[in-house]
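Chain IDs A, B, C and D follow the sequence of writing; residue 1 opens each chain.
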Amino acid sequence: MEKLKKKKYEALLEPLLHELSDAARWIAETGQRLVVVFEGRDTAGKGGSIHMFANTLNPRQCRVVALSAPSDRERGQWYFQRYAEHLPATGEIVLFDRSWYNRAGVERVMGFCTEREAKDFLKNVPAFEKLLVDEGILLYKYWLCCDQEKQEERFEDRLNNPLRRWKLSPVDLAAREKYDDYTRAREEMLMATHTSYAPWTLVDFNNQAIGRLTLLRDLLDKLPDTKLPIPDVEWPPLKTKPGHERFQALQPIEHYDYDQDVEERDRNEDEAD
Amino acid sequence: MEKLKKKKYEALLEPLLHELSDAARWIAETGQRLVVVFEGRDTAGKGGSIHMFANTLNPRQCRVVALSAPSDRERGQWYFQRYAEHLPATGEIVLFDRSWYNRAGVERVMGFCTEREAKDFLKNVPAFEKLLVDEGILLYKYWLCCDQEKQEERFEDRLNNPLRRWKLSPVDLAAREKYDDYTRAREEMLMATHTSYAPWTLVDFNNQAIGRLTLLRDLLDKLPDTKLPIPDVEWPPLKTKPGHERFQALQPIEHYDYDQDVEERDRNEDEAD
Amino acid sequence: MEKLKKKKYEALLEPLLHELSDAARWIAETGQRLVVVFEGRDTAGKGGSIHMFANTLNPRQCRVVALSAPSDRERGQWYFQRYAEHLPATGEIVLFDRSWYNRAGVERVMGFCTEREAKDFLKNVPAFEKLLVDEGILLYKYWLCCDQEKQEERFEDRLNNPLRRWKLSPVDLAAREKYDDYTRAREEMLMATHTSYAPWTLVDFNNQAIGRLTLLRDLLDKLPDTKLPIPDVEWPPLKTKPGHERFQALQPIEHYDYDQDVEERDRNEDEAD
Amino acid sequence: MEKLKKKKYEALLEPLLHELSDAARWIAETGQRLVVVFEGRDTAGKGGSIHMFANTLNPRQCRVVALSAPSDRERGQWYFQRYAEHLPATGEIVLFDRSWYNRAGVERVMGFCTEREAKDFLKNVPAFEKLLVDEGILLYKYWLCCDQEKQEERFEDRLNNPLRRWKLSPVDLAAREKYDDYTRAREEMLMATHTSYAPWTLVDFNNQAIGRLTLLRDLLDKLPDTKLPIPDVEWPPLKTKPGHERFQALQPIEHYDYDQDVEERDRNEDEAD
């Protein structure tokens, strides 16, 4: 697959973000509720896809739900309970960074649940999702794919790039050899939970930039026509001359003196030689 | 102020993000709890600053709290109650995109609370924050400043850029003429709540890129030495040849055909001429 | 129906409470989850039935859930969401004092929801309950019946007895003439939601004491054999002489001097003559 | 202390419950918020006192908060966080069956927290409570006392009465020999947290009936004049003849046939001889 230059990517992304922004306005104004589930291979690109949404939308409208492992008490609750708590109210968008499908993927492959629990989950999840959809919640489920070669490359990047090191969890390490088990678990999950009312969409994320564009284009196409006129806003000139900041109690701190900082770093590095 | 080129900004930001990433690891490993409060002028740059953190850190460690207006029942609760619910547990970071200080700013200036409630709030908030700090919570409060001229420019950008239009709330419109009232409210807030244990830091955001660098540098300087060795990870070669995605139940969708899309858009535009 | 003397009632109740207490121990020790839904006519006796449980059981094991009207935000959530939040974890008992069935009863009869919403609810509730039951939650639903004559008597008691006056809500007043509408709504509810996995049990509460005994006997019969041996506890004599309360910082207050209080009340009443 | 006959107790209690009922109406109508903290010796009578309130008041107005041990995550939160979540909104009453004071009592005496944490707690709690009281929350704290002889009697009753056996926790067993340690911990707690704005009240519960009357009388005396006229209610005769229950979908179950049940039990006992 051809590589997409950053400039071109940004040029392509921008009109899609405009459509996303329109869609969010439509959701708010018509009182929709949108749930987007992000699942997929480790390293596929869930986080980056979610930032694409979250960096564009109003954080008071669009929440990211990234739950940690359940507490002991939560483990003893109705399985869907801790997810249900975070479902959107009218006008809201919720992005699930992993979701109830944990049980069909990592929990099953890594043995964090029993095979029986995994089977029960697969049997029950369509009923749960039907309840949501029947009440009018818009529910879209994306599964992000990539080949193991790409996965290994990205794992190594996480290994070597301290900025991304947190993305390399102990579970990832243990799961590295289980690429095929994950494939099998995914296929079984799709067989059981790809329904007419809550279908899955698989997106190839071997190229993440193209993956993100593809996912977003697809989501926008799934929504009905969301074009609403942007309301006019009266915008009279200010009645007074624009004010300046005036400080009494406390002054702003000095700007970050980056030139000095860079110099100092260079000097330190010289000294270290 | 000189303009900071995007390239240079990114080069300057990167080492700071590395330090931030180290700090997050230190917070997780030593069981700290970090609260960062983002307050300031409308348009100053709270959202962008928060994305700088959220795009770098693990969403299971770092949460953004951006509360909507309280419900009637919440309005009748202990004022700090709905914020207290979101305080970090051990190892966590919480970024408040606006906070309990709403009462000293927008609520007061716009008359959403009584003058008496605002005064009571200012009297009580140091005690509330002392409770948090005395229990070892790291609490840093940033107020982002900008001149009204900049604010007007950015309001107009929001007015004209549909991508940012959601940032222009009806309250913003009503507040436009109240720049000086906000200044007065801020000064009174600083007098009442700039304490030794929970001091405010004012950051000039007339230039947002420089503002973000300044804020982040300052926060990192406030933290103790957070340098912990990155743990070694054993990384043996895969035992099998890397697998490829194989699909049975469902195929990935086609890549977004952006060339066609662009062509079509051009054609539509031509036709529209 | 013969009247049941208080003495006899208490003698009959006691062995049932022992069985209830055994059942609660079984629930705790075997990690069950029990949900009991109390629905029925206004005045039928839900509150008294619930106290029979709550006064017997450990409040850390057995919670009463009596939700108020939803907030605007809750009204925009998934209908079952605010109820799902309160479902029991392992070892717990939850008593719903009214429940999700509000929508099929008071909301429908009084027009607080649309007819469409009521129909949708009736269609969806079996799927919701099946999810709970399929996960092993024990779910029992009781509907408490009484004739309108009894209801009127009890309404009048509430009207005249200040201790019970809070039980007479404005909705009750408005609903008084709608006895038959409630009957119709109940029948439709039963047709739609009396399922093999979550059956309803109707209990005649024209006599409340007998109603409570009947309900409790029925619930106990529905549970499997819950008899577990009460664990032995070592109970050595105290090693020291039993201590007495000794107060330094603060003394207990004087006992309520009821004789004086009664005298005074009598005197006041005399004076009032 | 003289024993109070049940009849007399009930006659004495009733007028107090009327006052309590008036107070609850005043709280609802004037938008007060009431918190009552119940602490004290094991077996003193917290549960019974709380039932006296809960059995009288509207469960939608008056909640009992009886928290279980914190989860690991909760243990890492701000200490007051999980209690703050349950504070009353306008018009509500919350009864804390044990409370944040756990840390000064059982946690400290049994070594579930460090001595340092207990000291910090004692230092911080007045500030926390001042925040609540300054915002107008009515906060009353009761500590229920009894001599160890009584405590032993009641422990033995719990040991032998299966209905009350759940009240005998493993911690109780371990704490039996620590009566004097609890006394010391209480005295230190009182020294640190008996403040002008949130004073403690000690009530002697060697006789529980008298203890409950004393506690309730005292609480009522602490409230301002709560007498509001009970609103008149129009109560026209029904327009139609009172309806009878008519069942189609499902019939009520048979009344509990207690005579047969008693007979059977007797027979079983005979056979057992």
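By our rule, contacts are C-beta pairs under 8 Å (C-beta built on N, C-alpha and C of every residue); 3 or more make two chains touch, one makes a residue touch a chain.
Computed from a predicted structure; not experimentally measured.
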Next item on the list: Enumerate, in label order, the chains that touch chain A and chain B alike.
Entry: C, D
Next item on the list: Give the chain pair, either B-C or A-C, that is connected by more C-beta contacts.
Entry: A-C
Check: What whole-Å value do you get for the distance between chain C and chain D if each is reduced to the mean of its CA atoms?
Finding: 18
Margin query: On a C-alpha centroid basis, what's the spacing between chain B and chain C, in Å?
Written below: 45
Next item on the list: Could you tell me which residues belong to chain A and also touch two or more other chains?
Entry: 68, 73
Check: Which positions of chain D touch chain B when the two form their complex?
Finding: 31, 33, 73-81, 84-85, 87-91, 120, 123-124, 127-128, 130-132, 134-135, 137
Margin query: With touch defined as at the start, can you tell me which chain C residues reach chain D in the complex?
Written below: 1, 12, 14-15, 17-18, 21-22, 24-25, 47, 50-51, 54-61, 64, 66-68, 97, 145-149, 151-152, 156, 159, 162-163, 165-168, 173, 176-177, 179-180, 183, 187, 190-191, 194, 200-204, 210, 213-214, 217-218, 230, 233-235, 238-240, 242-256, 258, 261-262, 265
Checklist line | Residue ranges of chain B in contact with chain C within the complex | finding: 68, 71-73
